[in-house]
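There are two complexes below, and they share chain A, which is joined by chain B in the first and by chain C in the second.
== the complex of A and B ==
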């Protein structure tokens, strides 16, 4: 077993100590899409189409949103901002001959996998009891590009949340910033509505933020809303966002460490 | 050539001063007053390989801040630091693999898992071979008498047991330089003695350079020949502990605490 896998395995053991906490966190990301799924089920009739969305595709969308939120959206900003920076736990990471980003990524990934597992298990009764027929693209090229979009989304979400956590180097309290992020995430990432159902000005605004690239695009890609050319454009946009986030990450890390006092800020 | 070479080291912190009361809180919404606090002021130290040095001083004197700068946790405001030929704040992998810092009030053990899991994590992080890992865990757990508890969840251990396991986690990679910040704080006398014995043995056996801060003068008296005394961020004594004792001890005075107290009274400066 490689060194990376052994470290990953140790962090996974750590995650499995907190089954209840993990499950409750999953429930939070599970309930929103489920409520919205039921809402759309109630208002869209069998044959109606809304901006290209049928009852089948929109039900699949919210079903995939449950998995997407569990698997793709990191919550590392809480560990970074509150524990590491504010309470000074960063000290023990800084003393180790390993990159902080890598450590946090390895430590966070088991949480996503476990919550993803919960998501897939919970999808079974939803499909069965609500009679949802899963509407997924049958084009192999689209599916392969959709997988790449999801992997990029995973990295974008990680970098974005790390950057949010780093604001704790400068701010006395980051609660309000995290709440503002939750509101933007809810509105612009496709949790509230698929992006093309939002007013056009909001769709334009969302394009300039990382939010839709973390959830809306990967989910829509699997459903088959985009063709391969459009998906390639989305993937390039994701690479651009990753580059910008990485640059911000490096700048904030470098400057933030100079402000770090090591006993909590 | 000194293994630790510090020249004119200074660290200042920007501190927010809030006026008392509701009006002060309201004013702080629009304008805040900050002032610079000098935690370490123009400190110069040279330490040779294998030395075991006591770094002492009252609360807030600048001991921990200095250790944090030496281990690369804090960025110095002024001055230069060379530890093993590296600038600590660069946090080069080769540097971090040769040092360890144990702080009595911070821990690296995973709270909800047994200490052994943290040891295994460090084994991978520091790239320790299976054979070395096994030998070192056995040797250190024997020396610190924790063989029976390394598979028990950390949250179930006493403070003394946890501290001993912290030492193992920090020493698995055999650091050449070991910074110890208040390692005996809050421990009972028996555990304190055991830790002192262990630190001395480790220093002698592996020729590790150890810089130790402690509030308990008994730690310093039992372990260190050389002491560095710091107060208000400035070094006020760097030399032999016996000489300090001889200069400031009164006839029949055997308690090192009294000697240090007298020394501070003699050297006391008005607080800035």
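== the complex of A and C ==
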């Protein structure tokens, strides 16, 4: 355990080394939900309720989206795809006496924590200046299940991004794949719109992807859109996605290592 | 002026040759990468406005048209400046910028335009096609004179966008590691896809900060639709002139603080 804490501490130092750079990355993910929050205020000022969303609930949704994106969405695919596989840094990782997945998970967590800290700090002026009243479910069981949904989302996001990064074993350039993923993420995870405001065909499509389970469901769970029965169903679906992703991860890792070749001394 | 024009034509030719060297790969990447974002920008605005008729006084079709125009402007902008600025922090960080300063031409000109990103033309072409589709689908009336004013507005918008990007990039001279500053700029420029009224809810200081990014797209759109007032035109001209002058002066100031990382 202390070994992992030591690794965590080392990677935390690395994260804090480039605070300004990290803050800019946070700002990038912060601006989009903020703009959509403002835009929706304009839409809902005329129509008081839209598909069950009121101006207050939609404000809370986009506010939580800022925190959710910062805390839950990993960006490990860039390290795995570009640094480790394409540039050959994986050789160094393979020689370490810990599993690759565990190292990457521990290395990525300080980034999420710092980004999450920035998100919570930036939410204060938004709540103050835009007079946003935060609507969270008052049901304890719902909150506990929402926390579990968020933890599952954290793991799903990590596994999914690792799998995306592993495609670099076979593809020479994964830029286009990552861009396609970004577009799908924006459209189907709830970044652009809450899922039930999308056309029905997109809602159906989203159910068959891991995207809404990474952001939309955890955020909606905290707002109290789902009851405990629905949340338990969502959590089981998340377990299913995790199992599938873990299987794909293992397959790709074993097959990918056979393709990988590194040069060095 | 003639010398600079000749030089830029040579840069365009070299960039085109580079694009054509691996033409199939470059074309597929250009179509896929630019195409996916062009469609997403337009489609996302369609989705956001799907359940309403108008927002902040803009009709749904007009809002989608702004997204199309965004792609047209960004396509031309990226063609001219996209790649040059994406390499800027590396030039400073690795000490390659010295070579730019030693050339007998204006450093701002060369650092901004030393390479063209041909792939971006796809974005402009797709944006134009989508704009025509949207204009027809939503029956948006367009006057021929509006198209002429729109082109002039787009030129000013690109110049304003360039001035803002150049100003932000100049900070790299002091902090070369903030290479993600361009990503931040690209996020900020996407504010232009939304009507200006969206940002009136912000604190005054933030509204003033967001305004240049917002008028970049809304002013040409208003010119195209024949809705622009004298104030809109004057505002675009004045803000562009001020931004360009500030960017130029800031660059001159920053160069005095540049310390070479090479030699």
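Details
The criterion applied here is as follows: the second predicted complex is superposed on the first by the 259 of 265 C-alpha atoms of A that agree within 3 Å, B and C clash if a C-alpha of one lies under 4 Å from a C-alpha of the other, contacts with A are read in each partner's own complex, and residues count from 1 in each chain.
Everything below uses one rule, namely that contacts are C-beta pairs under 8 Å (C-beta built on N, C-alpha and C of every residue); 3 or more make two chains touch, one makes a residue touch a chain.
Here the structure is a predicted model, which is why all the values come from computation and not from measurement.
When both complexes are superposed on chain A, chain B and chain C end up sitting side by side without clashing.
Applying the stated contact rule after C-alpha superposition, one finds that A:183 touches chain C and leaves chain B untouched. In the superposition on chain A, contact is made by A:258 with chain B only, not with chain C. Taking chain A as the reference, the larger set of touched residues comes from C, when chain B and chain C are compared. With chain A as the common frame, chain A serves as the apex of an angle whose CA-centre rays point to chain B and chain C; its value is 90 degrees, to a multiple of 10. Of the two partner chains placed by the overlay, only chain C lies in contact with A:199; chain B stays clear of it.
No C-alpha atom of chain B lies closer than 5 Å to any C-alpha atom of chain C in the overlay. Touched by chain B in one complex and by chain C in the other are residues 18 of chain A. Residues of chain A that touch chain B in their complex: 3, 6-7, 10, 13-14, 17-18, 88-89, 91-92, 94-98, 257-258, 260-263. Against chain A, in their complex, chain B makes its touches with residues 13, 64, 68, 71-75, 89, 91, 93-94, 96-97, 99-101, 103, 106-108, 110, 112-113, 117, 120-122, 124-127. Looking at the complex, you find that chain C touches chain A at residues 29, 32-33, 36-37, 40, 43-44, 47-48, 50-52, 55-56, 175, 177-181, 183-184, 187-188, 190-191, 194-195, 197-199, 201-203. Taken in their complex, chain A has these residues touching chain C: 18, 20-21, 24-25, 27-28, 31-32, 35-36, 38-39, 41-43, 46-47, 50-51, 129-130, 173, 175-176, 179-180, 183, 186-187, 192-193, 197-199, 202.
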